[in-house]
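These are the structures, in structure tokens.
The two complexes that follow have chain A in common; it is paired with chain B in the first and with chain C in the second.
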Partner chain A sequence: MTDMTSPMPHARTDAPDAEGREERRLGFWLTLPAQLLVLFIALFPILMQIYISLTDWSPLDGIPWYRAYELWIGLLNYADLAGDPRFWSALWRTGLVMAICVPVQVLLGLGLAILFVDDFRGKRVLYSTILVPMMVVPAVAGYMFFMLFQSGGPINDLLSMISGQRVTIAWLSDPDLALFAVIVSDIWQWTPLMFLILLAGMVSVPQDQQMAAVLLGASWGRRFRTIVLPRMKTIIIIAVAIRVIENFKVFDNFYIMTGGGPGVATETISIYIYKVTQQELIWGYVAAIALAILIVLSVVSMLAIRKMRKA
Partner chain B sequence: MTEIVMENLGKDFGDFTALAGMNLTIGDGEFVALLGPSGCGKSTTMNMIAGMLDPSHGEIRFDGRPMNGVPMARRGVGFVFQNYAIFTHMSVRENLAYGLRAQGVGRSEITRRVAEIAELLQLTPMLDRRAAGLSVNILQRLAIGRSAVVEPAIFLLDEPLSNVDAAFRAVMRSELKSLQRQFRQTMVYVTHDQLEAMTMADRIAVMDHGRLLQVGTPLEVYNHPADTFVARFIGAPGMNLLSGQVVSSDSGTQVDLGAAGRSGPVMAAQGGDVLFGFRPEEVQPDPAGPLAMQVSMVERIGARTILHLVTQGHEAKAVLDSETPTPGQGEVFRFSIPAASVRLFDAKTERAL
Partner chain C sequence: MQRSLSFEIFRYTAIALFLALSLIPTAWMLSMAFKPIAEWQSSGVDLTWWPNNPTLDNFRFIFGHSSSDLIVALDRTAGRPILASLLSASFGTAIAMTAGTAAAYGLSRFGFGGNLPLALIQLRLFPPMAVMIPVMIMWAFLGLIDTWWGLALIYGIVTLPFAFWLMKTFFDDMPREIEDAALVEGCSRWRVFLRVTLPMMRPALASSALFVFILNWSDYLIALLLTTRDWVTIPVYMASLSSSMTGQLYGAKAALGLIAAVPPVIMGIAIQKQLVRGLTFGALKE
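Now for the complex of A and B:
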């Protein structure tokens, strides 16, 4: 990828020094309002979150948020969080979903990209079809899979047809199967994005290098392992990072399919936060959870970026 | 070490004919340059030899074995790409070893042969460097080494010097030539630079618009161009071609060049309209000469001076030694052409007479 970009030459106006400084100062003042606005938009919610997370504030208390300091409890929310089994189990479940979904999506996406990098009949139609799930609103996808996985739904019907016996699996009310079902929906919806990103990466692998390898007698597998994959390293890291971050935020289809249940069997971190926010209304605590996750995600992104620099 | 035979070889891309009916035999161990402007079909020819393209018609044989349909991996062809196609994410050593590894050669054998080729190409000091940061001449040697190490029977080079700046080209030309002597492989070299073809090739195949116009040694092609395209293309500047008419008189056969005068006696087998060709280097300043043209520009380039000459309907160039006194711009320049240096071409077919 990096081989293909070349720096664009910048037009430079060589104004005399004093004039240039003057101009730059004017520029600073002219852009200041916009910069302040951007800074405010980016920073304010985070600062507010940090502030609230250090209090026991709830919208039911009748105290406006800026006077939340009256309920100052210091790091108590964080201490509670550290000992909250439901938080840890939601975090662990999120990790589990991620650990299954991301590799499966990457491998499926890679496999599809390999198929689509060469031309074949009907490629365009198939290509557009494969991308459809990505464009379905996640909530709608949730309803689709909610219906598919009903005990009297099409999936059980299909299984009945194949096995010849009446199958009535309670997909969404069995704790293990429910997790399986939501994972299937996530894979269905996001494999196309992986496919799209990885295909773009695969297409950018220089054709002449592959030709050179062929002429040197390298088999397809060897070329893939020694040329295509190493050259796609950056794009694979990007793809994985996007999915890891997105998987932390997975909510819509999970909530619609199972509401986090049965029990807490499919309760991911987002659903947990949603429930604490909307049902238990302890916002100081919510702020603390959200901040903890922000820190985790920042670390993940940083690791990904560092890996990418190395690649 | 293989003889390549191309028989009625052709390639069409839809309505476009990239190569039409090429017949060429490249001898074992021979260095042949395919020379022509871009779009002449030279790269198409080479890609078909390598097996990257399938011919639309005709046949390619290596030592008598038909190659049509044989996948490129099994043709035993080494290919040096225009931009070298070095695996930049690997080290020099890994690049050199790539072909041997792919062919399942044993580890100790690989080490030995890589060391050997690296020594030959003076790549030993940078074996463990990453290929990404190397300079062009090293990349070129690496590209040649990577192909040569698997000992292909045929070496194909696709404009390997086109990305190199002019000063460096001379160095790399002689380097390539000496490498070819060492490897003794059949080499096909694609280029649009006639200087590269002239200096390195045993034979030159001049191509234009998908047709092979002439095959011959550099001097044959230079001295006896088969047609006006070759005449103009080879040499810098190319051959002068003035349209005229063959006339016979008491003083023998001459060519009437209209306003430029009438040439000295020439050997002409045919009368009528001809193109009167002569190399700019063959122009002899001669105050009593039969030809006269006006000087439109004087280019002084060190040891040589190039005169740009015009006369109604004619344009020509003359290359003179800079010691020779030259007329100034706008003056009339009188000259003669030795009869042996004159090449006549048919005005219609543009073929040599």
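Now for the complex of A and C:
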């Protein structure tokens, strides 16, 4: 990159070299904006975060963030974090939501994909219709489910119709039912995504082996287990990884449906951080939480990527 | 493969059942959006699934015209938040697509920026909530809080990974013979990129841009943290459609929700074929 400023000596005498230089120059300039944006969003924020996390700074203190050293408390935030039951319970709850949502979404998606793998009448329209929920803005989806789960809302109405008596369950104000309700909204929204990815994977499994197995008289279940599933391993891993990553961040629909409540019954890690940021305004502490999560995620993702590369 | 009749029956029944359940929420919002206030009530006594007296009052109301049944008036109408959502999502898409396409080409053809693929995946991995404190401080310092251009900038960065990966897989797939031919003709590399490659990639650019736009349009958390009043986006504004005085303005919220939900659904269906590629970072192509 140092030769960027040096003028091109003689234009066309050594063509390959001049061309190589032109390519290097263009490659550099083309990738520069993306590099700068990544640097801008990765480097400064992380350094800032480390700095602030070592202080007791809050935007209400009346001192700018760069003078946060006046409130230096060292690693105290991290010590607090280790003993903060609300943090651990939010983390645990995020894990619980993930442990329920991801398997259900993958299994439902897989089941639907099996139904869609070969051609049938109306396939295209039904396929598009199934995809609709994943394209609804998550915040709007949260609002939809907020309406559905009102005690005088349509879900209780349906249950009343089925059971024959008036049902008035207060879904969103009971801790367990509220958690159930937000999980339902997540499953509703993201099952289509699993279906989409798993179907694409299933279609790409070559047909010839399956045909051979059919000729040998293997049952459908057996063909699926021994031929289709093993070849879908990578795709299933990708699908699960995508949902695990996104599910860990979950905020929009949960926050709109319950605000993390009642109490902290539906408080996931993102909602917890948001509340400490906006309501309690202890930003030094928030920086420590965020950094701890970033470190854990980095380590986990590095290990996962390394393992996937080996495989 | 031939399937038996019983399987066909099972297939249609299962799909119908799934669709019935999965369409309830959307159908309910659709119905609420056209209900007059008398039918919004959550008392549950006279709950109707279909509006008895369909009306456009809810839509008129959020755009600031008083509604015959609603005494309350809005201090802010939905027009500005819709504009905020449109501007921030569009310009965010422009930033992500410009930087992403250029970088993808640079890497795909010249091997520059080898660190980008992994760095961008990592960027995608982190919950936005975990970097928002520094971003809020930086945005405040740059005077970008509560502006659509401030939102557009962060949207551009947040969706850059998708733009980059999508375009990278498209460039990797593209045969190089045509570019090589143009080079032999004496075009410079830069000219080839602008005049030959990009026009050929028009469909890929369009579907990637739509994909990125949907992601930007769908944001709630970032706008919630970075906008306060003037340039709040649709989802943030939605919360203001309820107050202790009026209670939940169900119909108005449903009408606005419908306005927010329709564009991404149409776009998403239009780019169905590229959705898998986009959502799996190009690991899977259909």
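One rule holds for everything that comes next: the second predicted complex is superposed on the first by the 261 of 311 C-alpha atoms of A that agree within 3 Å, B and C clash if a C-alpha of one lies under 4 Å from a C-alpha of the other, contacts with A are read in each partner's own complex, and residues count from 1 in each chain.
Criterion: a residue touches a chain if its C-beta (ideal position, glycine included) is under 8 Å from a C-beta of that chain, and two chains touch if they have at least 3 such contacts.
Keep in mind the model is a prediction, meaning the values are calculated, not measured.
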Chain A as common anchor, with chain B and chain C clashing or fitting: fit
Chain B versus chain C as contact partner of A:I73, first or second or both or neither: neither
Which superposed partner A:P206 touches (first chain B, second chain C, both, neither): first
Which superposed partner A:I305 touches (first chain B, second chain C, both, neither): second
Partner chain(s) touched by A:V214 [first = chain B, second = chain C, both, neither]: both
Which of chain B and chain C A:R222 touches, first, second, both or neither: first
Contacts of A:V264 with chain B and chain C, given as first, second, both or neither: neither
Touched partner set for A:I293, first chain B, second chain C, both or neither: second
Most chain A residues touched (candidates chain B, chain C): C
Touched partner set for A:L177, first chain B, second chain C, both or neither: neither
Touching partner for A:I63 - first (chain B), second (chain C), both, neither: neither
Minimum distance between Cα atoms of chain B and chain C in the superposition (Å): 8
Contact residues of chain A, present in both the chain B and the chain C interface: 214
Residues of chain B defined as touching chain A within the complex: 50, 52, 72-73, 77-79, 81, 83, 85-90, 98-99, 101-103, 146-147, 150
Residue ranges of chain C touching chain A (in the complex, touch as defined): 1, 3, 8, 11, 14-15, 18-19, 22-26, 28-29, 32, 41-45, 47, 49, 95, 98-100, 102-103, 105-107, 109-113, 116, 118-135, 137-138, 156-157, 160, 164, 188-190, 193, 214, 217-218, 220-221, 224-225, 234-235, 238-239, 250, 253-254, 257, 260-261, 264-265, 267-269, 272, 275-276, 279-280, 283-284, 286
Residues on chain A engaged by chain B in the complex (per definition of touch): 3, 206, 208-209, 211-219, 222, 226-227, 230-231
Chain C-touching residues of chain A, taken from the complex the two chains share: 19, 22-24, 26-31, 33-35, 37-38, 40-42, 44-46, 48-49, 52, 65, 108, 111-112, 115, 118, 120, 126-141, 143-145, 147-148, 150-154, 156-157, 166, 168, 188, 191-193, 196-197, 200-201, 203-204, 210, 214, 235, 238-239, 242, 245, 248-249, 251-252, 255-256, 269-270, 273-274, 277-278, 283, 286-287, 290-291, 293-294, 297-298, 301, 305
